[in-house]
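Okay, handing you the structure first.
Labels run A, B, C and D following the written order; every chain starts at residue 1.
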Amino acid sequence: MTEQQQPSAQQRAIVEAGFAKANFIGDVGIHMTDCGVGWVEAAVDILPRHAQQNGFVHAGVQTTLADHTAGAAAGMLAPEGYTVLTLEFKVNLLRPALCERLLCRAEVLKAGRQVSVVESEVFAMIDGEKRLFSKATVTMAVVQMSD
Amino acid sequence: MTEQQQPSAQQRAIVEAGFAKANFIGDVGIHMTDCGVGWVEAAVDILPRHAQQNGFVHAGVQTTLADHTAGAAAGMLAPEGYTVLTLEFKVNLLRPALCERLLCRAEVLKAGRQVSVVESEVFAMIDGEKRLFSKATVTMAVVQMSD
Amino acid sequence: MTEQQQPSAQQRAIVEAGFAKANFIGDVGIHMTDCGVGWVEAAVDILPRHAQQNGFVHAGVQTTLADHTAGAAAGMLAPEGYTVLTLEFKVNLLRPALCERLLCRAEVLKAGRQVSVVESEVFAMIDGEKRLFSKATVTMAVVQMSD
Amino acid sequence: MTEQQQPSAQQRAIVEAGFAKANFIGDVGIHMTDCGVGWVEAAVDILPRHAQQNGFVHAGVQTTLADHTAGAAAGMLAPEGYTVLTLEFKVNLLRPALCERLLCRAEVLKAGRQVSVVESEVFAMIDGEKRLFSKATVTMAVVQMSD
């Protein structure tokens, strides 16, 4: 799972399809930006419609981004004919999120046969520095694809 | 926190404002349906745009609903001049969610001076029976409102 | 999973063995007190050795109790030849715990083929009233027993 | 919070006292092994009494270690006259734990005025390689010390 390792064409296709086929992801404006073996990065340009009642980015936007990106990272490593479904996740919101572009990087902590665990960081680059808004741990079931 | 107890006009106003002022909640289509002292119920009519890649309701829709409804329930019990912000939450997705209308009920487990804890159930009524899709535990900081 | 339903002799034996065979459970002083189909209750008499630095019951005692009792409840419902292993849990510590006898009740929220989810409450009876100290949600993998 | 930075004598004393004064920590056999500004390391020599029913290290041992070490790391950074109490934690058990000596490293992810968040890794060194057994995220309240 080193960053240097290039994903196979099939792995990249799995990640891309996971974003393209999920309506809610398009609806929120989330798109994949990069991926490697065991990690995926995604982003969303923040608009007024993403706000909660105090003007910050809604926790729901952050967790949608964190969960979906985690799923793509784990799905890429699932055996052929298998996909992943989120069993549970936990997210800490570290500070109110204000930014123009919200980023996420998900990295697989453990890719198992039945269960995978992924960590997602949600952050922005502000004045060239990474500002971490939330961090999630996502547990996913590895399940056979149904046709 | 018994269900029989009616919320004050001010408590109801806090809940209603918490839904009305949050852009992302309107964007996703979530609205408050009922509330009492220490609990809030909300709903969202499921459309194709809420789906994940396999056609189920996206986890992000469920957690946005669970988190926001929890915040309203805890916010209602915060002292005057105070509001709540989500510190963290954990959600278990118990089964794939398919339904026409997704419901949520959030109940305060502990209303503290600094921290409140709320439980949210996300479910549908199918053939007259409650089908539980996910359950979240939400920890919220009680913070002074800034003007 | 109603409380009225009596567990089978085999289910009770699974629960009893789960407590008897776990050395750390005996070491901490935890014992099973009752069980039904899909729920288990356990207790520990609190001694000075269970304290954290301020004199309260250590979170580790509470989570050992919550996790183990949850495992017994889920294990009872696993198919023959299968057992459960904790994948993850989350616990909220609602207030500092001071008591003579710490109790736990674990109830299965979902018994699945691959994964079960259990909720555990850790509390004491003080002046005849239940005082809730912590609440945990435990996700368990259903795995084949190895011989 | 760089590793190079030496903790002050007072910070080290806070960490040492946090381990020495907690009865349950001594009872389980956990001791602090090293610390820096914003991080603490601890260890426990595994004995038969630490086992669960299948012979692995009990999740309760791992979470006691993870939570307590996290508390020491956050407590070190609390303002004078303040200490920390665990609000909640979540732990993923990544694989069954078998080892002679269980290690933990806790690092502060965010040190706040009201709330701090710490990550703890529980692992063993096996044949010179780190084998990660569990990872926890711990949320702590920063509270005034009572005399």
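FYI, a contact is a pair of C-beta atoms (placed from the backbone, for glycine too) under 8 Å apart; a residue touches a chain by one contact, two chains touch by 3 or more.
Nothing here was measured: the structure is a model prediction, and the numbers come from that model.
Subunit B maps onto subunit C through a rotation of 180°, based on Cα atoms and reported in steps of 5. Interface comparison, C-D versus A-D: the higher count of C-beta contacts falls to C-D. The distance from the centre of subunit A to the centre of subunit D, with each centre set as the mean of the Cα atoms, comes to 28 Å. For the pair subunit B and subunit D, the distance between C-alpha centroids works out to 33 Å. With centres taken as mean Cα positions, subunit D sits 23 Å from subunit C. Shown for subunit C are the residues that touch two or more other chains, namely 87-88, 90, 92, 117, 137, 139.
The touch graph of these protein chains is complete, with an edge between every pair of chains.
For subunit D in complex with subunit C, the touching residues are 17-18, 21-28, 48-54, 58-61, 63-65, 67-68, 83, 85-93, 96. The touching residues of subunit B, when paired with subunit D in their complex, are 87-88, 90, 114-115, 117, 137, 139, 141, 143. Of all residues in subunit C, only 90, 92, 94-95, 109-110, 117, 132, 135, 137, 139 touch subunit B in the complex they form.
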